[in-house]
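Chain naming follows the written order as A, B, C and D, and within any one chain the residues start at number 1.
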Amino acid sequence: MNKEKIFAGIDAGHVRTKAVLVRGKEILGYGSAATGFDAVNAAQEALTRALEAAKVSRDDVAGIVSTGIFRDVVKALPIAVQRTVPEYMADAKGALFLNKNSRTVIDIGANVHKAVHYDKDGNLLDVIQNDKCADGVGIFYTTMAKALGVSEEGLSELALASTKQLSVAIHCAASAESEAIGLLCQGEEAADVADASLRFIVERVAAMASTMPLEQEVVVAGGLAKCKALMKHLPVLLKQDVTLLNLPEYVGAIGAAISYEGEK
Amino acid sequence: MAYAVKAWNDFKNYQTGCYRDYLYATEGLRVMGSTWSVLAPLKGLGDDIHLIGGEPHAASTAGTLPDESRENIIAAESAGLGFHSCSYLKLFTGEVIRDKIGITDGTIKEGYPKPDLIWTTHLCNQHSKWYQEVSRRLGGIPMFAVDMIGGGNAEKDSKIVNYVSNQIELGIDWLQRVTGREYSDELFAKAVRNEIKVLVLWGNICALNRHAPAPLDERRLIALFPPAVVDRTTDESVRLYETLFEEVKQMVATGQSVAPDQRFRIVYFGIAHTYGHPEMARILRDVGAEIVASVYTFGTCGNFKGIVNGKWSWDPIDPKWVDELDLSTRRKAIEELAKIVLGWPTWQGVRSYWALESMAQAMIDEYHADGLLLAPSRSCETDFRNGYVGLQRIFKSKIPTIEYDTDQVDVRQMDLPGAQRKTELFVHLMEARKRRSA
Amino acid sequence: MSEHEYASVNEKLDWKKARVIVAGVDVGAVNSKTVILVDGQPYAVSQVATRAPKESALKVMNAALANTGLTQDKIQYTVGTGCGRTQVTFAQKTISEIVCGATGAVHVWGPSVRTVLDAGGQSCRVIHCTDKGKATGFLWNDKCAAGIGRSMEAFADLIKKELTEIGDIALQSEQFPKLSDFCSVYAQSEALDLMRTKVSPEEVITGYHRAMARRISTLVSRAGMKKDFVIIGGLAKNPAIVDALENTLKVHRLAPKPEWDPQVIVAFGAALIANAFHKRQG
Amino acid sequence: MAKKGSDTIIERFRSVIENPQGYAKSLHEQGKLVAGYMCTHVPEEILYAAGIVPVRILSPHVSQAMTRSYIHETYCSFSHDCAYQGLSHNYDFLDLITTSSSCIHMGEAFNVWVRFAGFAGKSYLIPYPHIIETKPAASFMKESYGEFKKFLEGFVKKPITDEEIEKAIKVYNHTRRLLKRLWELLRRENPPITGPDVATATLASQFMDKLEFNKLLEKFLKGLEAAPGKGKPGVRLMVSGGACDDIEILDLLEHLDYAVNLIFIDSCTATRYFWFEIPEGRADKLTAIAEGYISRIPCPSKDNVPGTGEKKRLRYVQQFIEEFKPEGIVFLYQRFCSPQPHDIVALRPILDKLGVPSIDLELDSTVPVTQFRTQLEAFLEILKPVVPLE
């Protein structure tokens, strides 16, 4: 049995809570749960799912570190989190773990998004976070999928099939959604409306990220990184290549898990 | 041990006194208008002039009566004012619409006391439009707005000084016609000297914050400058600022500060006091991060050397210079007054991004800042929003910089959760920078 | 507001004996509704979720016709309304949902109605009308008040509650957090962040309702309130929104009619207008 | 927009406003000096007298968020769009970019060009009064124009003579008279030209070399003034508000379910641009230009009559209502604009007295056609009893 210790990382986000188990350089297992206004319960559920996936029992875990918006909330019993680490630190460490050449990670969360610039050891150089009008772009993605009657993956395929360039208001999710529905009501194709809606998300994220210099390699964290249509638009707007990560929605949780030894 | 400012109560009473005079005066003239305008011209009409100024009143009411202010803002929106109009304006006009007014000592008076005339200014897109709206709603109050034009180095540009002075001259004739009062040039000259003296004194007090530890912090600065905004033409206001100047000099001499733990010195550009929110204040206090200089408290009504061979200098002006000013004719007094107000940092920053940038760089250098905190106000149309996103882009690589997403008094538009996340980051970046340079 | 689909038929009426059969089809942002009138009386009503508007118009019409034996060709006049009205290909005429809303509301609640609040999925509109149901003016929500109805649905999903139950939950708790009533994006973001505190989900739901109701009441006051006041559209079915609106506006809406789903009043108005057009055709 | 067979002139205007950048580039390639301007208070006559063709910078109608990392998002989308023109280097060939100090939002757009889009070396901000009706404004503007003229003389390396300024004043006054004649046609019960076409021509005048424009419009007017009405007269609508160069909205007005006669537009992309003249033959040219610009229909951000606080523009709006007799008014202004809603709040009671109903449409980079169509059609259904209710 590998003598290195097993650590757990919990990323307690606004909408989804993610958990991961890491031993040395190896990811043993991961799981997630809808936060649903009960961060502690969701953290427990996510951790249980990660343990099952990794076939590891709770006692074998040497330490748990939490990150994300509700990192302090999930510190409460019964999970017994030992340490917490801010999201931007977890993002930097997690991104480096998954790609050691990365220097900038753009984390698109359900409610908030940010860009983190770091050096080769994960020390922070700069961070930019979104403003209030740009909140909820992840939730907007789910809402648009529902409005177009497709699954979350389906929204990406739909957008990729777009043939006509439409655009919606890019100020906030509420006006983007109302204009997207307006386009549908005019008889525009669902694929084109899906593409216009995704471009709203990418435009906002890219605008925020490009407020600071983006050092290569640029990677993307968060569930939306798995949406191919978004990943097609992002490099164009950033005028930078974007390298895909596997397990993008677990970057924060991974970063937390491997931060157990590091300074507080 | 944290020092408690002795002059504190005198300042509070003076400010509240001015408001109570406006509310309950039984004689004299009630004058409404932006206190960013030149106030001395009003005092040539006599010393029974009771002032209420849109901005300081809205700011202090929002602090004293938050729920009442929220109702005022919504009342203005319900009456048709733009949803994105200045929140000071909405609060101030909302009080007129609801016909009740709340002031700094917590009183809420039913029945809004109508002003006899409106004397104001116009610089941002909205300034005089506030008072056109209030004048219309109160049945057409006579109104005179002086266009303060603004821009970097304005006080050294003769065409701008003449333009503003010519308007003030016409304004004084108008004041006499509208009030039917004789105009006293002695009272006017005395008011001009007082006004300039208070503005220069405030600049000197702020300059003392260059010392370590800085004697005053943003919370005290924000509380101590409004009396100068409310009415800075009285002998009493001059005395207030002279005593405060002596007290702060004494604090510097003895190394005293209202916030002694100043491991991190912050320069603050913005109106909104989001940093003052309990959560943000706790994060900053825990690491000894204090705001030692800010363009809002220094520059709303304070004067400094200004642009000196192309670069901004926050060096103060010697108060004795004010005593030697030649105010022997009305025109001379008007021109000195126009120059001093055109010299305000805020007026210069509104219309010249290069002046604002130079102010930020100078403040960071002269006040030895460890971090730049930007708080562009969502509904403000002056230099408490203009150019800030650009400032972040320019300064982000030089010094830890964050930008709050906030508003001046409309709590609904403040991103407090976001501000908390950004404050944690701000502290982290400043600590990391200090470690790297240590 | 919810996307559940239904169709109902008034068994007492026999369309075979009818002289005039007309229909109103309202293709809304969230749901499509239709009302079929037989000699001026409501005969069939149906609602489906709006997807592509062309298909949704046909789908909702067929849902209303299902197992009545009535076929679409027997409908002598159809008026299309709603944001997708240009896609109701089988309609002889399209009329805005503003005019249809006023006509429908006055017929359901009577000639004393002067102000109709149509609080739908994507937009909120305040309509002024005469005793005959003729619209005389309206105010559309500004962009920052877009999608209030829609955001209630998204918020219910986020906190694992049913859309139909959040209204009742919001009625119970007396104290609640003050969420931003500037726009739904702010309110939603602040609501989610409250998980950081001890605030219960029920209190947050109440706060969310109070905030959104406050934003809507600002729109109503901005348009001007003339009594009597009625509320139609999806949010009319949310008791907490209605209660908060009445408290803020200090005006009681006319009581809802049990036999009328507030979401189909616009379609009903469109059907009444179809009747009028058909009569004029002579 | 149905293509008009023989009207090549209106198509020429339309092609200019659909690609103003292409038109400006063609002037540049003909060896002409071209200057971009962002506010209609810029004294174009002085630029013209210096041999520089002024071309207005308007919105590219691209929905983008990039400018949010340069200027705050609570600026109107029009200023974001104009800033985007600079940041996307659509106009790098311009010899100069200038604006007059007026609306704060356009000031930010101008700053982006200067700070971040490489125009620091070829830009000039003209100090301008922010209250246009005061007596001191005229002398201030004269001095400010004098400095602008001196700057341009250094720029083109030759003096600008009074004759050249007088010639420019006459050319521009000619444009203004022609445009007024064009708009007066819309007062007819059944005008020979549609409102959107008139608006298209007016918008084109803001980009084109005035000599070329005057020739085209003169020819266009000759044919028009004798021409019969376009067809069944529709509901007479007047538009009032902020800068709007959205042809998509004008097209929408022509493709509603009900016939519409767009008879007037009170904005700086329409009548506020030319509804005045510069006094000709004056010895002091710059004072004459100042007097002319002071006599304009005031922009909401500068409108405050000293002493009363009255809004002069509201008088003009009432006058246009009496002359052009609209049945309804559509307020069209930018989201996040503050001066416009202020004027509308004061204008509404006046409209109620005049019995003219109105609606508000909020402009953005994108045009929400569905919502605007519904609002406009509902408005028309209210104005004209379409529904035969018993």
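Please note the rule applied: a contact is a pair of C-beta atoms (placed from the backbone, for glycine too) under 8 Å apart; a residue touches a chain by one contact, two chains touch by 3 or more.
All values reported here derive from a predicted model rather than from experimental measurement.
The interface holding more C-beta pairs in contact, when A-B is weighed against B-D, is B-D.
Of all the chains, the one whose CA centre sits at the greatest distance from that of chain C is B. Centroid to centroid, with C-alpha atoms defining each point, chain C and chain D lie 40 Å apart.
In terms of their C-alpha centroids, the spacing between chain A and chain C amounts to 36 Å. Residues of chain B in contact with at least two other chains: 79-80, 389, 393, 413, 415.
Annotation for chain D: residues touching 2 or more other chains are 68-69, 335, 364, 370-371.
Taken residue by residue, chain A touches two or more other chains at 69, 112, 131-133, 135, 169, 171, 175, 178, 182, 185-186, 211, whereas all remaining positions touch fewer.
Contact topology of the protein chains: fully connected, every pair of chains touching. Partner chain C is touched in their complex by these residues of chain B: 74, 77-80, 83, 410-413, 415-417. Touching chain A in their complex are the following residues of chain C: 27, 29-30, 49-54, 82-84, 86-87, 121-123, 143-144, 146-147, 150-151, 154, 157-160, 183-186, 188-189, 192-193, 195-196, 201, 204. Interface of chain C with chain D (complex): residues 83, 86, 94-99, 103, 123, 132-140, 142-143, 273, 276-277, 279-280. Residue ranges on chain D touching chain C, taken from their complex, read 257, 335, 357, 359-360, 362, 364, 370-371, 373-375, 377-378, 381-382, 385-390.
Chain D contributes residues 68-72, 74, 101, 103-105, 107-108, 111-112, 114-116, 127, 129-131, 134-137, 139-140, 143-144, 147, 300-301, 304, 306-311, 335-342, 344-346, 348 to its touches with chain B in the complex.
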